[in-house]
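Before I ask anything, let me first share the structure, which is written out below as structure tokens.
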Amino acid sequence: MDKEMNLIEQKAVFMAASNKLELCEKVLLGIPFDATTSFRPGTRLAPYRIREVSEGIEEYSLYQDKSLETLDFYDAGDIVLPFGNVNECLRRIEDVCKWFLNRGKKVFSIGGEHLVSWPLIKSYHEYYPDLVVVQLDAHADLREEYLGETLSHAAVMRRVVELLGENRLFQLGIRSCTRDELSYAEKNTQLYVDVLMNVIDEVKKKIQTRPVYFTLDVDVIDPAYAPGTGTPEAGGFSSREVLKLMQEMKSLNVVGFDVVEISPPYDTADITAILGAKIIREALLAY
Amino acid sequence: MDKEMNLIEQKAVFMAASNKLELCEKVLLGIPFDATTSFRPGTRLAPYRIREVSEGIEEYSLYQDKSLETLDFYDAGDIVLPFGNVNECLRRIEDVCKWFLNRGKKVFSIGGEHLVSWPLIKSYHEYYPDLVVVQLDAHADLREEYLGETLSHAAVMRRVVELLGENRLFQLGIRSCTRDELSYAEKNTQLYVDVLMNVIDEVKKKIQTRPVYFTLDVDVIDPAYAPGTGTPEAGGFSSREVLKLMQEMKSLNVVGFDVVEISPPYDTADITAILGAKIIREALLAY
Amino acid sequence: MDKEMNLIEQKAVFMAASNKLELCEKVLLGIPFDATTSFRPGTRLAPYRIREVSEGIEEYSLYQDKSLETLDFYDAGDIVLPFGNVNECLRRIEDVCKWFLNRGKKVFSIGGEHLVSWPLIKSYHEYYPDLVVVQLDAHADLREEYLGETLSHAAVMRRVVELLGENRLFQLGIRSCTRDELSYAEKNTQLYVDVLMNVIDEVKKKIQTRPVYFTLDVDVIDPAYAPGTGTPEAGGFSSREVLKLMQEMKSLNVVGFDVVEISPPYDTADITAILGAKIIREALLAY
Amino acid sequence: MDKEMNLIEQKAVFMAASNKLELCEKVLLGIPFDATTSFRPGTRLAPYRIREVSEGIEEYSLYQDKSLETLDFYDAGDIVLPFGNVNECLRRIEDVCKWFLNRGKKVFSIGGEHLVSWPLIKSYHEYYPDLVVVQLDAHADLREEYLGETLSHAAVMRRVVELLGENRLFQLGIRSCTRDELSYAEKNTQLYVDVLMNVIDEVKKKIQTRPVYFTLDVDVIDPAYAPGTGTPEAGGFSSREVLKLMQEMKSLNVVGFDVVEISPPYDTADITAILGAKIIREALLAY
Amino acid sequence: MDKEMNLIEQKAVFMAASNKLELCEKVLLGIPFDATTSFRPGTRLAPYRIREVSEGIEEYSLYQDKSLETLDFYDAGDIVLPFGNVNECLRRIEDVCKWFLNRGKKVFSIGGEHLVSWPLIKSYHEYYPDLVVVQLDAHADLREEYLGETLSHAAVMRRVVELLGENRLFQLGIRSCTRDELSYAEKNTQLYVDVLMNVIDEVKKKIQTRPVYFTLDVDVIDPAYAPGTGTPEAGGFSSREVLKLMQEMKSLNVVGFDVVEISPPYDTADITAILGAKIIREALLAY
Amino acid sequence: MDKEMNLIEQKAVFMAASNKLELCEKVLLGIPFDATTSFRPGTRLAPYRIREVSEGIEEYSLYQDKSLETLDFYDAGDIVLPFGNVNECLRRIEDVCKWFLNRGKKVFSIGGEHLVSWPLIKSYHEYYPDLVVVQLDAHADLREEYLGETLSHAAVMRRVVELLGENRLFQLGIRSCTRDELSYAEKNTQLYVDVLMNVIDEVKKKIQTRPVYFTLDVDVIDPAYAPGTGTPEAGGFSSREVLKLMQEMKSLNVVGFDVVEISPPYDTADITAILGAKIIREALLAY
């Protein structure tokens, strides 16, 4: 067994997942990491809880007329992470992601905080040099550093821009940042303030056929729909709008996907976890 | 006293209810039944809790310019149900409902899970052979059977179709089902996928003056507005839209009404129960 | 030290507040009063909790391109209130408000229940004889008395009308009242039933340059977005709509502001408190 | 109908209660009052919630080998209280209590906050001039005044002492007070610091056959067992010890009883309300 | 594969479980059944949640100086149950249990409500004709029938007595029942009222070497320690006392074990689920 | 201003704290650090929440007949910590602690997770070479490393032993560890398994007059009393027992104190935070 496989443990399974990796192109991967969360931690508990509640929704998507029952996807379990050592955590995420990419898999990740997208996108970028990133988020996450750290959930997209270069990051739904982040975005990213559906056609036109990594921070959705998150930002979008946007993006060439920042300790009646399970189902079926 | 009256007990009262059955055409009836709930039980607690929180809203409806204070309606209390014996439970619901119909009453029921609509609609169908049913719901509830049972919350509307015949069931707001249910619906029901207000005029035109049984599964409303439910389905409608739809339906000949699937254990700050009390007030005043 | 200063204590601080009163035109004031709350008390806990969670949002507003970091505002702490003595409580609120007005300050208050607006508006009216009031609220609060009391959260706006005279009160978003309140409103206030954005231009035209006291009862927002409130009223507006309305009102001459009826015991994951902190940030930056 | 009866409304019923007042010596009375609560309000919701959850316990007490099914007791409902007018509230409580005493009834009250004991004890004292009071409580409640008010939950037992005279108040389980309260107690009451069972024999010997009003503040029990209370005080007693103490007190001549300070908004899984229902069952059967 | 294996599905795994059934004598089995629960349902969710939180405790028991890491036990997953069909559910539980007993396994079950013990004990009784049952419980569960049903959580131990015969059931910790149940117990069982440790030596002397089925209803523990249960009964024992009792019972010949009535919807901070995981660890290591 | 003072920010204040550092020997310090928490994070929120709820208890201790009102202690606020950089966090804690020790202060710290005790004890050890540590805890925290990290909450007391040398660490209340930790403890520490009061005299005799650093992990208390903690361990002690033990330790020469592992997101009705406030009051008055 490859050593990367020792970095993963499987404690629970998403509904309808296959247990034959070799048959599956799509892989579901839990990343229970929240070490740089600054306000309210807890996203590490999302992968397990989302798997638990997945049984509360159908395998079949009425939006897409497709079902997980006829899709071969593998639930790889969660990466084992040494809390307190951020660098080692990020290295493991990158190693595991590359291991799957090396085998021709497409990785669908469940965070964890937003910093987990950094090693994932790094891995993807090696395979797709012309990768663009579509980010749905309430926050720009473009800080130079946060509380002294350059590797932070609040700085993750700045790192991504430094890696990919200018105008390769499309930021939708943003309704909170600092003045400095906004200035940086004006020069380096495609940031759309407080809009979602209105600009998706424009975004698609700009991206065209380039490979897309799609990262969905659940706080782009209003806390009413997704209370279970670390840094809720009022004035957001409905889950309905985001589910529709996900359909719109089917025509893009999405090669990787993650949903991050779901935080079960702050959830109510598991509605955020159940929404997360639905988002994952839609992503698995769509991309 | 009729034996049916022994099947009911009155432990709490909805605001402004009369205690004189003989003066009232409209009857409020609690049905604390959740025996076939598959994911997360608890709807049995709804009738009591909804009565408690009813004091938090006004008797007067600004939408309708009418008040419960000037409406004679009777709160009959809850049906006493032997948990674990589904058939006996359904029989009792049917007996009690018929007893009221025999006396010229119109029954407004509070579930309980959606299966309670089955004995209610059966009773109504005896009195109104040309009955049609309008269902607001996130789920189609059209399974042939569920976990081996034909009498299940997930199969309740299939049973209704078998009873009423083709095209007598109007399903609005549906956003989740299996492929089989969808196929069945295409042949046997009027199922509208993921829409509500846009189709109400069409629905009203099709129904015309026929008697309508209106069943409102609270999960048609998004979990943001109604977290207290057993099987929340993200991507739903706002409570505002549903309250408006209820106004639109005033011009129909609604002869029976139920609101089901409110589950207090999963509620937050009683907002679903309070919404339920408002839905009941609007229904009592409107139909 | 003035005796009014003995009526205030400072136990926690809103993010980015200055500690130099003399440098600040704008003053933040907590009023932990909920003595006449009839349904579910708890709003007294809002000022402290809102300050705690304020660190979860940015100082910078992307909507306004302004930041609290460059705004001089003073957090005065909370008024100390003798629970059980409503009249003394109201007197203290009035005294403290006047003390600040005497020093040329603009007061931004955090309730507490809606009755706190009464002594605040009384104070403001002395300084601004042509004061008009804009009220965002689910309830009209226009009762002659409530449970025998004329000074009640449910009667507060009736008292305001009696003070200011006819047509000086603009009520938006109202979706609940009694028939008597509606009749009173038809003669004495500008009450807009169940609408918000559609009428703001009309309202602004009517108000013109007159000084405005803006009171925002958080229950104008739907309980989905603001579950932490004493008397949630389903069928409301989104926090997004209210934040936009706040921007629209920048062109008015807002001289005083309060946000009331946030109730932490009924909140979930602090989303109402965090929304409250954002509303306060926007108000401080806008008015 | 006597005017006192207009001060009461019956919205829910305790398990096994009779509906014939004339047959019953014992009367259950809800007093949803929390106007002077200083820390966290909510006890007003206790009477209704305790009735709801009473169905979760047996009518039969294994401790006493007696059952509510064979006891005639009447559930009078709740007193209607004008929030915000403390004096009027207290007057109504006193009027209602006297009305029952005039008819030879024994009153078992459910608070509300501890101040409700004041009008109750005043009424009892008129009928029993040699009345003594046994108080189970974490707090001494002996302040001269609290936040400027002499009628406050924190001062209620000081008022009682002033009414009854020296050494007529027995305070058990006390583990929190001010230095001044302790000094006052040393002169005027029988205060037992942080003990319960150890002193009950001594207390009984001192009281002998005198009539006893027994007031049980639920916070004498540790917050682990009774989290649903306004001012939880760690380091308390178990519910087991308190239930045993209640048995010990059967040999006293208990003529009146109340349980106060249960606060549903702070409860978890209704365990405090269910404990309250059990305490009431035991009191009804024992005294 | 045997058809019984189709009745089981494995969605999550208890910490340190082996995945080789053939190597393991001890088998952990989830039974998510709560169909006859009368007060507050939800125990069906316990098996999954307990597995999730098991990672929060150590594999090693300091009480026993043994570790799950060196114990071969198999986590069989959960029985798939058709909600709403009690008889079929019970049949499946019995079939699966017998299948394991036929293979020489010892079954450790996680409920579910207490009725699950009925098919389990029936299976065991076939293998151990002189089986005795030790029941830790707040409630006697000895009703003839409950709400018309003879197969009910409230009647389960009556059925057991009818199966095993007189004086084969030892009931400890009982503090709630009806008068009829007590009378029945006096003739047919060994019921110890409201005691635990004091009588364990006596119980052990009576049982001697006979095979013991040990059923632990979590509500024997006070709701303070185990709030997550359907019918909390105040005045119970501490988890510490129950863990000690479990050690005392190591000298008995325990051949089967279940822990029932843990209800995650009513849990707080998962403390009941975590206690459940610890109870299971201790049972696996001890018996 | 010293640079260490830039590492602290004061957002809220403990009841009755002085604002004059120079007058105070005792200093209260919040350390909102939970970066190595492995199971459920959230302790970082404790310092703020404990200050908020401190107003719910008295300044006066009936146990000690002393009051915070007559004690000069300074609330220094919280250390500002860069999440994600464990080493820098620990360095800051050490720097701030030493800064206070240099000025003759005694530091009372509020965690945060248990790893915060490591830099605190390191600082103290420089000043008190013969320092001994008394640890109240459910867990031994003696791992060589945890998930690859030597600086972890699960290894903190191993580091302390390596610093202080053999038999300088007294561990009370321990009921959970690994076999390796137990072996290590047998050689290097004074570990008392599952006992508290019974051994305090022995511990005091061994320590005599040596300076004591007292670290109280709140999980030594049973989760019933302290549900708000990251790794609850059933079968613990009551808060009453721990408060009594704190009194017993007054005769020791306690030179430093911390209370750690209180986690507000998992608290219920703030009972753990309120217990924490009481523990701090008792410590400030006693040591």
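By letter and in written order, the chains are A, B, C, D, E and F; residue numbering begins at 1 in each of them.
In this section, a residue touches a chain if its C-beta (ideal position, glycine included) is under 8 Å from a C-beta of that chain, and two chains touch if they have at least 3 such contacts.
In this text the structure is predicted, and so the values were computed from the model without any measurement.
Q: I need the common contact partners of subunit D and subunit F, sorted by label.
A: C, E
Q: Among the chain pairs E-F, C-F or A-E, which one reproduces the interface of D-F, with more than half of its contact pairs identical by residue number?
A: Residue-number overlap above half with D-F among E-F, C-F or A-E: E-F.
Q: Pick the pair with more C-beta contacts: B-D or B-E?
A: B-E
Q: Could you tell me the distance, in whole angstrom, between the mean C-alpha positions of subunit A and subunit F?
A: Taking the average C-alpha coordinate of subunit A and of subunit F, the gap between them is 38 Å.
Q: Would you mind pulling out the distance in Å between where the CA atoms of subunit B average out and where those of subunit F do?
A: Whole-Å distance between the two chain centres: 55.
Q: Per the centroid of Cα atoms for each chain, what is the distance between subunit A and subunit C, given in Å?
A: Their C-alpha centroids are separated by 38 Å.
Q: Which positions in subunit B are in touch with at least two other chains?
A: 40, 55, 222, 224-225, 266, 268
Q: Can the chain contact pattern be summarised as a line, a ring, a star, a complete graph, or none of these (other)?
A: Shape = other; not a path, cycle, star or full graph.
Q: All pairs of touching chains?
A: A-B, A-C, A-E, A-F, B-C, B-D, B-E, C-D, C-F, D-E, D-F, E-F
Q: In their shared complex, at which residues does subunit E touch subunit B?
A: 34-38, 40-42, 44-45, 80-86, 88, 147-149, 151-152, 265-266
Q: Applying the document's contact rule, which stretches of subunit B touch subunit A when the two form their complex?
A: These residues of subunit B touch subunit A: 39-40, 174-179, 182, 193-194, 222-225, 227-228, 231-236, 266-268.
Q: So in the complex, which bits of subunit F are touching subunit D?
A: Counting only subunit F, the residues touching subunit D are 55-60, 62-63, 65, 67, 222, 224-225, 238-240, 243, 268-271, 274-275, 278.
Q: Touching subunit D in the complex: which residues of subunit B?
A: Contacts found on subunit B: 10-13, 48-49, 51-52, 55.
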